[in-house]
Amino acid sequence: MTRLLVSVILTSLGALVYGLLLGGVSRVITASIHGRIGPRLTQNFIDLWKLFRKESSIHHGTMFWMAPMFRLTGGIGVLLLVPIIAGNSVLTNMSFSGDLLLVLYFMFFGCLGMALGAGDSGHPYAVVAVSRGLLQMSAYELSFSAAVLVLALGLGTFSIENIVSAQQGGILNWNVFRFPFATAAALITFLPMNMTYPFNIVLAPQEIPIGPPTEYSSRFLSFMFSGRAIFGVAKLILFVNLFFGGAGSWSSLLIKTFLLYMYPLFVSPVFPRFRTEQSVRFLWFVPTSLVAVDLLRVIL
Amino acid sequence: MNVFYWTVAGTASGLIIVGLWGVLTRKNILRIGLAFTIADTGVNLLLVWSGYLPGRTTPILNGDVPAAEAVSAVVDPLPQALVLTSIVIGVAVAALFVVVAVLASRRLGTADIRRMKELKW
Amino acid sequence: MVTALAVFLPLLGAFLTAWLTHRNERLSLLITRLFLLAGLAAILVIAARLGAVTDGGLENTMILRTGVMTPPLSIDLKVTGWSALAAVVVYVGALLGVGRFSGRIPGTQPLLLTLVTTSLGLMFATDFFNSFVFIEIGSIITIGLTAAGRCRRRWEVALKTAMISGLVTILYLLAVVIVYRTTGELRLTAISTMTGFPAILVSGLLLTVIMTEIKAFPLSGWGLDFYQGVDKNFAAVYSSTWSLAVLLWSARMLTVLPLPDPGVLARIGAGGLVLGQLAGLRQRDPGRMMGYSTSAYASILLILAGTVHGADYLSLTLLFFTFASLSKTTVFLMADPEEEDDPWKKVSGYVLLLPLLCITGIPPFPVFWAKIRMLTVLADISPLLMGAVILGLFFESVYIYRLWSSRTGPWQKKRKYFDAAFMGAALLAAGTVWTAAGAEQGLSLSGELFRAGFVRDLFLAIFAGGTLLSLPGAFRGGPGEKSPAVWMLVSGVALTLLPLSGNGLTFYVLWEISAFAAVIGVSKGARPSEGTFWFAVFAGAAGYLLLASLVLSDGAVSSPGIPMLLVAAAALLKMGQGGAHLWNVRAYSTAPSTMAAFLSGTSSKAAVFLLVFSASAAAILPLGTSLAWIGALTALGMAAMASLESDYKKVLAYASVSQLGYVIMGIGLTSVLGWTAAIYHTFNHFLFKSILFLGAAGVIARTGTSDYDSLGGLVKRMPLTFTFTLISVIAFAGVPPLSGFGSKWLLYNALVEQGMLPLALVAMFASVVAFLYAFRLLYAVFLGQLAPRHYEVKEAPLAVLAPQGVFTAVLMALSFRPTLLLDRLVPAVASIAGLGGEIPVIEGTALSTSLGYWDAWSVGMMVMGVFGFAFVFYWISGRRPIHVGQLDIGFAGELPPSPEEVHYAGDFFRPFRRALAFLPEIHASKVFGGIVKTADLAGDVFRSLFTGDARTYLLHSLIILTVMILWMKGGTP
Amino acid sequence: MNPSLASALAVFLGGMMLAASVVVLFVRDLLSAIIITGMISLSASVLFLLMDATDVAITEASIGAVLATLIFLWGKGKMGGRE
Amino acid sequence: MIRTLFVLLVLLVLAAAATSVIPHLKMRTELDGAGLEYARRGLEDTGSINLVTAVIVAYRGLDTLGEVVVLFSAATSVMLILSLFPLGRGPTDPSFIVAHTARVLPAPIMLLAVYFTTHSHLSPGGGFPGGTIMASAFLLVMLGSSSTPAGSKILPALEALSGTTFGLLGLWGTMTLGQFLNNRVIGIGNPGYLVSAGIIPLVSLAIGVKVASEFSGIFAAFRKSGGNR
């Protein structure tokens, strides 16, 4: 019990640090692509601390109040439900409580909380962003869950651990090779999942300050940032587990997640931003058709 | 005697057909009433006709026809009895029909049945 | 002697009053009543002597000889137990109507009294020509009283009736000629000995006469005009005297017709029933509707004559026609003849309810027993015929419903209505008791129709609990609503008894009671007309499908094959699946909110119950996968509709149908996992939909609106309602750790286990779309800006809040310890024969299959732990934030204009609509509108037969006559 | 009566009646139509006599021919020129 | 025109279809069925020489009662309707010829009527033509006077009386012989005499009076609402 508690706390903190670090890296790289000087690698830590320490703080109501907790819980929860390193009994954390299905649905927890908070703020922009975000989510979840279900059907299990262990024994056993189309689809959905170009209309920096959390500031925002960073890492680990053979060791975990994190950076700047309905339609059809290919392979 | 027999039958049937024809095609309600009367007459003829036997007499057993020979001497009394009823009924219905027709044409301002169809469908 | 008195007393009275009425109208009326009462006493004595009330006495006979000698020379009047009972109805009808009608129009008593004697004479007549005389008297009096009636269109009606009777006279006398010439006598029984072409000709003539007289489609044109145009108070007398007499005489005539094949009658009747009632579907004039209903009963007579024989025939005809006549009389008595266009304009629906229910044959009214007996017989002969009859009856119930539903008049304590209603109710109640006691198939609430066990008990708990918890809020209707509490209670009690029913009949009766009580409950809403109509139509359709299944499966609710298909269709309709959601959306949104909660949360589970138990009894589920697909597509489509909808209750309605789609999906899988998922979700849905609708009830009660655009920010005013709604929304969205996820987990396991990935995908997509409306619901109603007009809004009434609390408590318990339910549910489902697939394993709080695992308890603990940690950490890590209002937002330095303008709720998911634009717009309302339009068009084709020109009606009769003669001639060598 | 005479009379009367009945339908003047209908009734009563139905003949002559005609005449008078 | 021809076509098709019945309706040479029985025992059973009357009043008395009721209902209806919806224009002054004829003719006409009515069991005629002729006498009286004749006041009473008599005569049979309208409640006497055939003369008289009062009632109603133009 104590071991579990320690592991949970350490994993969460680690994921937070790693998430912020990755964010910093991405900002640096983006800046260099743009030819700017850009922020420092540690800028995200500084921002977080600044927000956390800010004295003045307002809230608009109970849901506004609770939303950052929801967000944080959502992020940490997903992280805890995903076994981080295959075979490491400690770092499986809470993954015994449920399988892939639970993770899939638990990913909504944080989103829902944040959306509610945004709604409670009473700010129309926040709600507009929520509207877009939910729509886009509904779109990418279709193809992402399709990809996941194809894996589950193909491997005959919903258990992430089993999925990971099914990929052991050589790189060709990785699902990225066994289910290339499903993986491709999942990688496409990875972009809107992280709200990067061309799927960043939710944040739409030119129109809406920062998307749903428009009204948030100070400590509330720091919680949200933390939640988001942890959630990002959790998603990376999930992808690695599902498609890239899982991580047998710390090093492979870091390398795989880092590479996966870098992939949007090199893809997204190429595309212009989709309008909501465009992204929705794109996500409904393109990745889903890809999955369909693997689905037919599995069924036949 | 067959000629007589079938002539009456033909006349009766003809009257029924013409009467119904009139009922179904005439527009003036009073004339429709007349057509009904004609058809009724035809039906009555047919009824009496159905009780007719050749070479016999009225079913009244007075001196001319002894009661013992009635069976072979008189025509069938039943259809005649029925026709009596039918005639009276016919005229009763006709009287009512005419009264209704008169009032209908007065109230509706027309005797044309084609204009008496407010109730339909 | 008593017989002679019973028949001729009114006639003597008529002669007397013909003289008196010129002198003293009131004395005349008194004498009329006295003679009628004396006659009634006489006929009651006869009925008692014949032992008519007991079942066997219908065939006992008493002869009244007239003239000299015996038939065939003279004429007998024959009173049977059967006709004696009908004669009682004639007297009662006359007594009920005579004061009303002749009170308004002086000088009509002699005719009314004569009509009674004539009706009795016709019912007792044994002689062919004698019947003719009676028919003529009846026609003359009908014409006379129609013309004397107080209504604008009397002349037209009287003239048409006169012309019809003229034609009938001619055809009948022709038949007399042929009968007498070929048989030598005129007894009715002689007709049946005829053979060869004369038999055909006489059959044709008499059938035409009968069909015209009883107003069977397609010879019903004049009858429709008659009922539309005639003085409604005369129609009251007419219905239970002359109309009844003609029906019963025809019932006897039809059995003696020397038809080559009596089955022809049934086909003519069934065809006429379907087409005639189809024609009536679009009818708006209430009087004409009654005419169409009469025509339906005429067709039923033809069907009975063609299929049923002996004692059954007697009891069925008696049941059908006496009670229909009596009900019709009651209905007409309540009409106000001065109101030409809608004589029932000012009448309260309550007063009309009983007789109209009786006419439509809703259990437990006597006509129902006759109907089900008839259908049972028909089912043995030809299921197709039975189907046609059921379809026709369904059409009838649609326009009868319309007749009822447009009665919005308040309950008036007029004596006029009271005595009619009271007597009608008393008579109907007596009849009900009589039939229920003598009904061949008894009702039973103990028996093994449904296998006792946990699943049955679970449904029992749902029905009982749902009713009890929805009820408190129903006592006070919301704004503009009336209280549906009584009807909810009736419906709920019937529902609760449903799982206990001992046989199929009981089940059906309870089902129907529950349905029609619910219809009335729904009609208490603020703008009920359309919603209630569609609800009634769909509930009616489901009921008739169920009836068909019941009849076909011989006492059980269903059996393999077609009956099971019918049951599945009924359940789908009831649950709004596969496009049938039209009724849910319209009814839920217009019904009183608590009624909607009851319907969606509790009542819809009856369909699940039906499907589960029928399928498990039939051991197989036809459709199977297709059923699952219907559920999946419904779940998806309705979720999308819910996201785009802007009315609180409509959203909930769509959502409800969408959620039930998962249930159907699970049942369609026919595996242990699938059914576990379905039943688990059923229970879940019961909880969260009840909470949601009750919450909506509270919101609407306080704000008076259900429009998203006008709501918002209510979390500040109704925090408890919001909390309950939030919890149930999280639950139905399937977000862990609340109970909805369990349903999803079980369902996906079942789907993947069966290898149905496409289905799983659709389900997954539907559940994601569910987020859209889930959030929108919470946001538009409770979050965002609070409109100034709602500043003073109070928390919802305790009557809806407390039940929500109870539901929420159960929901939370189920969320954290789903094994409380699953521990019992899984073994129960596993023991149902015919279900394949693996059985999930439960260990402690964890549930696992070969695919995956789920431990709700530990998930719950984790979420609580993390959330609690974050909360506490926030609490201790710094200063409390300051609360500011919703208008105090960063608005680019501007002051937000007004809360309403800032609240962004309308067309919330516009991009979604745009993204869907490539789909052809298939709205259920359009589809059903199309169906209705097609039916209307088809009905119009047949309606257009009735041009209103009396000559056309005569021509119809002649054409039918020609066709029948040619047909029968061709049929026999 | 001589059978052949009866037959001849029947043929004659029958033909007249049929012709008259068609005339009733198509003659323009309603008054003539009513009178002709009365004539048809009278002819019918002759046929009744020929068929040995004395009672019927008397009744038809008094009721069918006279009374009905009177009633229709009254009706025509009351209806006036409405067509 | 098309309608006229179409209807004719339908009727002819119907007639043609019905022609198959002709072989079944060949002329009879011998009585059979009920007719035979009536001819054989009619006189014995009823004591009426006129077999048609025997059938009408005795054997099938119920039909005749019905017939009377038909007339009663029609007359009542007509009177009712005309009293509810008067046509305006009351009686007009009779012409000279009519007035004089009306003074002379009624008596002999009445005589004929009474003969027909009371001798129904002996000779052709009977209550119906008798009653009609009575009514025509009344009609003449009515046409001859400019006001409604005094007789019309007692019409309803006469009507009620005759109708009730008919009904009670019927019930008498039920009470004594268990057969409604049996004519043998009193002896049938010697056939051929005026007082014979049981209650047939009585019933005929009742019928005659009833028919007369009904038709007179109709005439009176017609007259009241405007005479013949």
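Side notes on the structure shown:
So that you can tell them apart, the chains are marked A, B, C, D and E in the order they are listed, and the count of residues begins at 1 in each.
We adopt the following convention: contacts are C-beta pairs under 8 Å (C-beta built on N, C-alpha and C of every residue); 3 or more make two chains touch, one makes a residue touch a chain.
Everything quoted here is computed from the prediction, not taken from an experiment.
The set of chains touching subunit B and also touching subunit C is given as E.
When you average the Cα atoms of each chain and compare centres, the chain farthest from subunit C turns out to be D. Of all chains present, the one whose mean CA position sits nearest the global mean of protein CA atoms is C.
Of the two chain pairs examined here, A-C and B-E, the one linked by more C-beta pairs in contact is A-C.
Subunit C and subunit D have Cα centroids lying 58 Å from one another. Look at where the CA atoms of subunit A average out and do the same for subunit E: the two points lie 105 Å apart. Inter-chain centre distance (subunit B to subunit D, centres taken as mean C-alpha positions): 10 Å.
Chain centres here are Cα means. That of subunit D falls 19 Å from that of subunit E. Shown for subunit B are the residues that touch two or more other chains, namely 1, 19-21, 24-25, 44, 50-52, 54, 58-60, 74, 78-80, 82, 84-85, 87-90, 92-93, 95-96, 99-103, 106-107. Within subunit D, the positions touching two or more other chains are listed as 54-56, 59, 63, 67, 71, 74, 78. In summary, the structure contains touching chain pairs A-C, B-C, B-D, B-E, C-E, D-E. Within the complex formed with subunit D, the subunit B residues making contact are 1, 3-4, 7-8, 10-11, 14-15, 18-19, 21-22, 25-28, 30-31, 33-35, 37-38, 41, 44-45, 48-49, 51-52, 54-60, 74-75, 80, 83-84, 87-88, 90-91, 94-95, 98-99, 101-102, 105-106, 109-112.
Contact residues on subunit B toward subunit C in their complex (touch as defined above): 16, 19-20, 23-25, 29, 32, 36, 39-40, 43-44, 46-47, 50, 78-79, 82, 85-86, 89-90, 92-93, 96-97, 99-101, 103-104, 107-108, 113-114, 116-121. By the touch criterion stated above, subunit D contacts subunit E in their complex at residues 54-59, 62-63, 66-67, 71, 73-74, 77-78. Taken in their complex, subunit E has these residues touching subunit B: 3-4, 7-8, 11-12, 15, 25, 27-31, 34-36, 38-40, 42-44, 49-52, 54-56, 60, 63-64, 66-67, 70-71, 73-75, 77-78, 81-82, 85, 87, 122-124, 126, 128, 191-192, 211, 218. The part of subunit E that touches subunit C in the complex is made up of residues 7, 10-11, 13-14, 17-18, 20-21, 24-25, 32-38, 45-46, 58-63, 66-67, 69-70, 72-74, 76-78, 80-81, 83-84, 156-157, 159-160, 163-164, 167-168, 170-171, 173-175, 178-184.
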